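Going in written order, the chains are labelled A, B, C, D, E and F, and every chain counts its residues from 1.
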Amino acid sequence: MIAQSPEPSAPDTVWMLVSTALVLLMTPALAFFYGGLVRAKNALNTMMMSVASLGIVGLVWALVGYSLAFGRGTGVIGGLEFLGLENVGLEVKGSIPHLLFMAYQATFAIITAALISGAIVERMRFGPYLAFIALWTVVVYTPAAHWVWGGGWLGSLGVLDYAGGTVVHVNAASAALAAALVLRPRRDYGRQALLPHNVPYVLLGAALLWFGWFGFNAGSALGATRTAALAFVNTFLAPAATMVVWMLIELARTGRATAVGVATGIVVGLVAVTPAAGFVSPLGAIAIGGIAAPLSYFTILWRSRTALDDSLDVVAAHGVGGATGALLTGVFARPEWGGSAGLIAGNARQVGVQLIGLLVVAAYSGLATALLIKLVNVVARVRSSQRDEAVGLDVTQHGEEAYTRGEGAVLVMPSISAPATRSTDESMRAPLEVPA
Amino acid sequence: MKLIVAIVRPERANEVLEALFMAEVRGLTVSRVQGHGGETERVETYRGTTVKMELQDKVRFEIGVSDHFVEPTVRAILDSARTGDVGDGKIFVLPVERVYRIRTGETDQMAVTPGWPEEESR
Amino acid sequence: MIAQSPEPSAPDTVWMLVSTALVLLMTPALAFFYGGLVRAKNALNTMMMSVASLGIVGLVWALVGYSLAFGRGTGVIGGLEFLGLENVGLEVKGSIPHLLFMAYQATFAIITAALISGAIVERMRFGPYLAFIALWTVVVYTPAAHWVWGGGWLGSLGVLDYAGGTVVHVNAASAALAAALVLRPRRDYGRQALLPHNVPYVLLGAALLWFGWFGFNAGSALGATRTAALAFVNTFLAPAATMVVWMLIELARTGRATAVGVATGIVVGLVAVTPAAGFVSPLGAIAIGGIAAPLSYFTILWRSRTALDDSLDVVAAHGVGGATGALLTGVFARPEWGGSAGLIAGNARQVGVQLIGLLVVAAYSGLATALLIKLVNVVARVRSSQRDEAVGLDVTQHGEEAYTRGEGAVLVMPSISAPATRSTDESMRAPLEVPA
Amino acid sequence: MIAQSPEPSAPDTVWMLVSTALVLLMTPALAFFYGGLVRAKNALNTMMMSVASLGIVGLVWALVGYSLAFGRGTGVIGGLEFLGLENVGLEVKGSIPHLLFMAYQATFAIITAALISGAIVERMRFGPYLAFIALWTVVVYTPAAHWVWGGGWLGSLGVLDYAGGTVVHVNAASAALAAALVLRPRRDYGRQALLPHNVPYVLLGAALLWFGWFGFNAGSALGATRTAALAFVNTFLAPAATMVVWMLIELARTGRATAVGVATGIVVGLVAVTPAAGFVSPLGAIAIGGIAAPLSYFTILWRSRTALDDSLDVVAAHGVGGATGALLTGVFARPEWGGSAGLIAGNARQVGVQLIGLLVVAAYSGLATALLIKLVNVVARVRSSQRDEAVGLDVTQHGEEAYTRGEGAVLVMPSISAPATRSTDESMRAPLEVPA
Amino acid sequence: MKLIVAIVRPERANEVLEALFMAEVRGLTVSRVQGHGGETERVETYRGTTVKMELQDKVRFEIGVSDHFVEPTVRAILDSARTGDVGDGKIFVLPVERVYRIRTGETDQMAVTPGWPEEESR
Amino acid sequence: MKLIVAIVRPERANEVLEALFMAEVRGLTVSRVQGHGGETERVETYRGTTVKMELQDKVRFEIGVSDHFVEPTVRAILDSARTGDVGDGKIFVLPVERVYRIRTGETDQMAVTPGWPEEESR
């Protein structure tokens, strides 16, 4: 509702409009990043796991989640005053319309849920997946967001999380780990080579993620401030550093820098700088990005030798990246750049606080996720059948193929020209049924 | 000389490859095809259009072998490609009149299994 | 020209710069949405029908259309004072530079023309198509825009059309219907399955359309206002609702939610909320999005059983969606949220006004479009030949294929090494002709 | 560092945040534009040549290049006060935070280096390429940027280059020419048809380039000013004109307008208007765009008959386009629109100044580039082997394929289930190794 | 046993499929190929490069049939694939020495038309 | 009548086409396949997954010719496809029982080389 005063800040409103749109774009970007990494027969299913989150989590957040995360409540959970968007109108919150703040936060909930899917692609039934992300948003994301950003106890404890290293990335990664363990590996995992069907999509996804991430990090300033500019520049420099270090590691180890590696490096750098973006210097951001590269790189190498089918390496990218970023935020944060003091600025305690924050969120998220999936599984089997997995989830879950050519496709309802004979084109000249 | 043409399931293709290598088959050619057999049809829907997909993805092997290699080759394919469900595919053994190795111009026996003494072609 | 006073509002200018860029991106997005839905042999032609509109309609609008739509004229048509961009400079219009307002409006004209193409893909010759959209912009779009937004009679009547439910979507859909009827169905229509060749492109297109639509709807506030924020949030929530309802319908009917369905649902939701975006509450937007889903869904089902080859369902998506949105704007509009009163706010008359608006525009657009195509057909046959249609329009209209591999492609001008023999690489070491 | 006063302008900051993100997106856009134009076996390598620039040139610029270009130095080269981002903080530069200005300029350096790659695709080894663009940025881009924009002698001379016609496009094109000559043609060039493997990618790239270019040109106003609006509108109209003229030429010559042609036309129009965007009237921009079309078109026709394997026609698009734009800026610039006076406004001298500017930059860039590549070649062979070229650079340089299907792909480390026998699915139920 | 290889136009492929099903052919394999014949060439242009496309898209059918099925199968293809314009394609009938059904290991006659009495293979 | 099946390197495919046209072969069908032979394997890496690629891209020619055309056709392929490195491919010559031209229903000799006097089919 249009409250009369005070007026929102016009430049802050513009920046948050832009940022919200940018973060929203990240979820389809993720769809391409993930979708390119799977086999063609599961491309649509993988993409849909992200895209559907825009609808499902978007609505759940607006109607329920936002209130539980940002309503005035206790240290543990928010209040109910914003349920069903009650009391969320055009009055000013901070310096922007309240509704816009709600929408901006929605985009974070959406992508966090979508991130999880990377660990369980190519084997989860789609209906149960939808139920899972709806529940997960309410049960896991919402409290975590409240604890750190919504006035909850981790925020009070002093946990620094600029744009969601802990709330978004460590949270999603821990859920991903739990989901991968509960769902078990794909039938071919470890025996067949499961290769990316379209690496250009992976690059497109990474590029659009980077683009959108400027809204994610610099938008977290909630206004057109200097800190927004700092977060922006750090979001540019950190992934640049990660990408370069990643290429150097690859060149050193195998003599070849890969495109999938570069795309992964970009994402890891973005993840790592997320909790730090508005708190550290540009050189600090470069350091964080550079340090995250080997940690994620070798985690991926190690993980792919284990029985853990975290298929698209959510743990290595978002878990390791997010944890690295969260801890290094505690190291590099400096009051001159907008953070409270970190280790380098003489406050060793901050690293401990950061560690507590991420451990608490990871533990809660992992546990609750495992329980949630088992719960959903009681109602409807979550794992696709062996046969469906062999055929591919696109056909079995969605009744579609990503790439079709129509040969051998016979119309089930031949509609107009009843007999499917080789009718001459004249048959098409019959009077047409025209809608009123 | 014979040409063995085998149509198998894509998800068995790597097993077939492996089995062939074990059977000492060293040369072969593979292509992606689609087949129709006794399999149940897939129904797909694209907006208002519902279609029955009459064709399933398959992989086609084409293997030129000398006569005494036919048996082990066929055996290797049969064993590795079978799942027991409808749609496992077929093997055709075709007569070949002559084979050339392009690199050397060698023919027949020499062209497919180097080092093996030339036998009478067919 | 740089007028000295008054100054444009800087934040409003920023928002409109961003919005204009966003809406411009919608047309290539549409190219991918439409291009993915056709067969590979017509992919480029379909994409070009959208992309070319950026050039053709862009210029026509700047030089002619803008004046006729927004020049001070009568209730029926605008004046001529802006012809050739005369008198359109950097002076302030509203709170932004006049030129920027012109460009923003141009992007609407561009996408409206491109939308029509969805009904006539895979069978229209490209040259006549270019002529058609140029003429259509002047003859159909321009007056419609004038009537509703440019000071014309429908606006005076009180028609509410926030960002173009009637002017853009109903208008384009009615033109699409007429064009599909005049051009007749594709030769294989109703007999062969004509399937989407690349569903990821459809998802990419839908995602970029959504992203751009924030400029379309929230930009229609023409400044960085609260209403922009409202329109933005509604543009986020309505398609989320449509997508979710669409998936539920599909799951209920066939047990499988499709990717093409989700992409379509997103677009339908965006269309439906367009006329309402700045006038209704967020819950109203959710309702509009949710209601539009079954209406479009079942229209598509029904349409595809008829002889009407509205190939990509422009009528079902933009016609039904746009009309639903326009009428429901008359229902849900509330003064507290920025609209005048609608049915729920006690003003039943508004629904009637909305109905008049859309009927008038639909009738005029359909009629004029049919005449225009027949007119173009007098000069140059609009329908491609049966043979060209079988080969595909990419090769026949553009002399290109979307995806080539070069086998069997023989250079017509072997340029340098004259005889096409197997020259050794030495031949390339000959002294090079170097441009000055 | 957060300096206390004066405050940056919030709207200007927003606009530059947005513009920086937009220009950053241009480099992945270029990856798709270029990547679609090459053969599938070189798609990833071509894309990586652009994407890697985001990391390599991004870091080089931040740590070294920015200081040399924009540090207070001599007329020939900048100072060292900003080395390692020293003295680059959140204090105001112009009206925005200094760091943001640095990042905005970084995006220009990044794309300029990436542009060069179009001339040498499908045949350069990747490691040496990375070394080359790092060196090139310092040795060639940095001084050119300093001369024109950083307080150097060409700027003092009065060269008008609004957003980089000379600094970016002529510079990159001259480097491209030198690189193509030094690297020699591809082995199949002139004998085989080397066709674009994915034209939709080319269209996607062109569309995203256009979108990003609004940040490039309108962002060059460095604030939310009227001039930004002018540059924006010109960036919309010029490519529209180029595209239309390009289509008309093609229709006249061959009867078919091509998609690759339209994509090329868009880019040429964008290039041509770049130096003029904030200096000329919208009709001037249309003229510039229209004039550039035939010049580039026929250059491409001519070039492809020569032994010059400028593979993706960087010279014809960016060289001819950029030079045309630079010279026509000297013709069409008008003080009323923000430029100093050009030929039409009575100042014939400006054309000469423009010519000097572009000749100097072209000469320096071409020479220095040739030397640099020969230098790199001393350390590591720059040209890929004949065999690698035949196999394709994706496999040989990156150990990847753009599109894979996994048949015949045998896991080198079968990890878990040791013997690669047909293990039953039970084997997957073994206790999992779980990360701590 | 024979192997029938037919090259047809892509736009007739679905009609051919239908005609084969009507002719009681239940097993077949299809692949996308490109062919050169008497068709007029396509000219395409990509920037400065003009090329003649020597190859046209075609669809290849591969059908293993027992001897008495050859005639009706060929007939079905001829009728359904013909447009009368140059480029309609060719049918080749190849001898087959042996056929195996992978699922069961059955051979020859049994392998392609289950339920039909075994005939002497060639 | 014979069916000549040749597997060649993709980078030689256009040369082979040209050579065939020179040899007056006017009809042929081409498809993309993958082959395994004596070539050295490619190693590829996708994140943590390292794979050996056992298959190399090849192009498969399928050419129906009358008997006296076999020799020049094979010759043309051998000459144009050879590079001398391992992986140049193979040529198989298969017997054909019957050929039909779909457009006209003509058979055998008439079906592949119009204007040529009918010879006895095999």
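Just so it is clear, contacts are C-beta pairs under 8 Å (C-beta built on N, C-alpha and C of every residue); 3 or more make two chains touch, one makes a residue touch a chain.
Not measured: the values here are computed from a predicted model.
Tell me which chains count as touching both subunit A and subunit E.
Chains touching both subunit A and subunit E: B, C, D, F.
Which is it for copies subunit C and subunit D: same residues on both faces, with over half shared, or different residues?
Since fewer than half of the residue numbers are used by both chains, the interface counts as different.
Centroid of subunit A to centroid of subunit C, CA atoms only: how many Å?
Using C-alpha averages as centres, the distance is 30 Å.
Averaged over CA atoms, how far is the centre of subunit E from the centre of subunit F? Could you give it in whole Å?
17
In angstrom, rounded to a whole number, how far apart do the mean CA points of subunit D and subunit F lie?
43
For subunit F, give me the residues that contact two or more of the other chains.
Within subunit F, the residues that touch at least two other chains are 14, 17, 30-32, 34, 36, 45-46, 49, 51, 54-55, 94-95.
If you look at subunit A, which of its residues touch at least two other chains?
10-11, 14, 18, 192-196, 198, 254, 256, 258, 260, 303-305, 399-401, 404-411, 413, 420
Please classify the inter-chain touch graph. Allowed labels: line, ring, star, complete, other.
If you draw each chain as a dot and join those that touch, every dot ends up joined to every other.
Under the touch definition given earlier, write down the residues of subunit F that touch subunit B in their complex.
Interface residues on subunit F, with respect to subunit B: 2, 5-8, 31-38, 54-55, 58, 60, 74, 77-78, 81-95.
Touching subunit C in the complex: which residues of subunit F?
10, 13-15, 17-18, 30, 32, 59
Please name which positions on subunit C make contact with subunit D in the complex.
These residues of subunit C touch subunit D: 1-2, 8, 10-11, 13-14, 17-18, 20-21, 24-25, 28, 31-32, 35, 43-44, 47-48, 51-52, 54-56, 58-59, 62, 84-85, 88, 90, 96-97, 99-100, 102-103, 106, 126-127, 130, 198, 201, 397-406, 409-411, 413-417, 420, 423, 425, 428-430, 432-435.
Which of the residues in subunit F end up touching subunit D in this complex?
Residues 11, 14, 34, 36, 42-46, 49-55.
In the complex of these two chains, what residues of subunit E are touching subunit B?
Where subunit E meets subunit B, its residues are 1, 3, 17, 26-31, 62, 64, 94-103, 105, 111-112.
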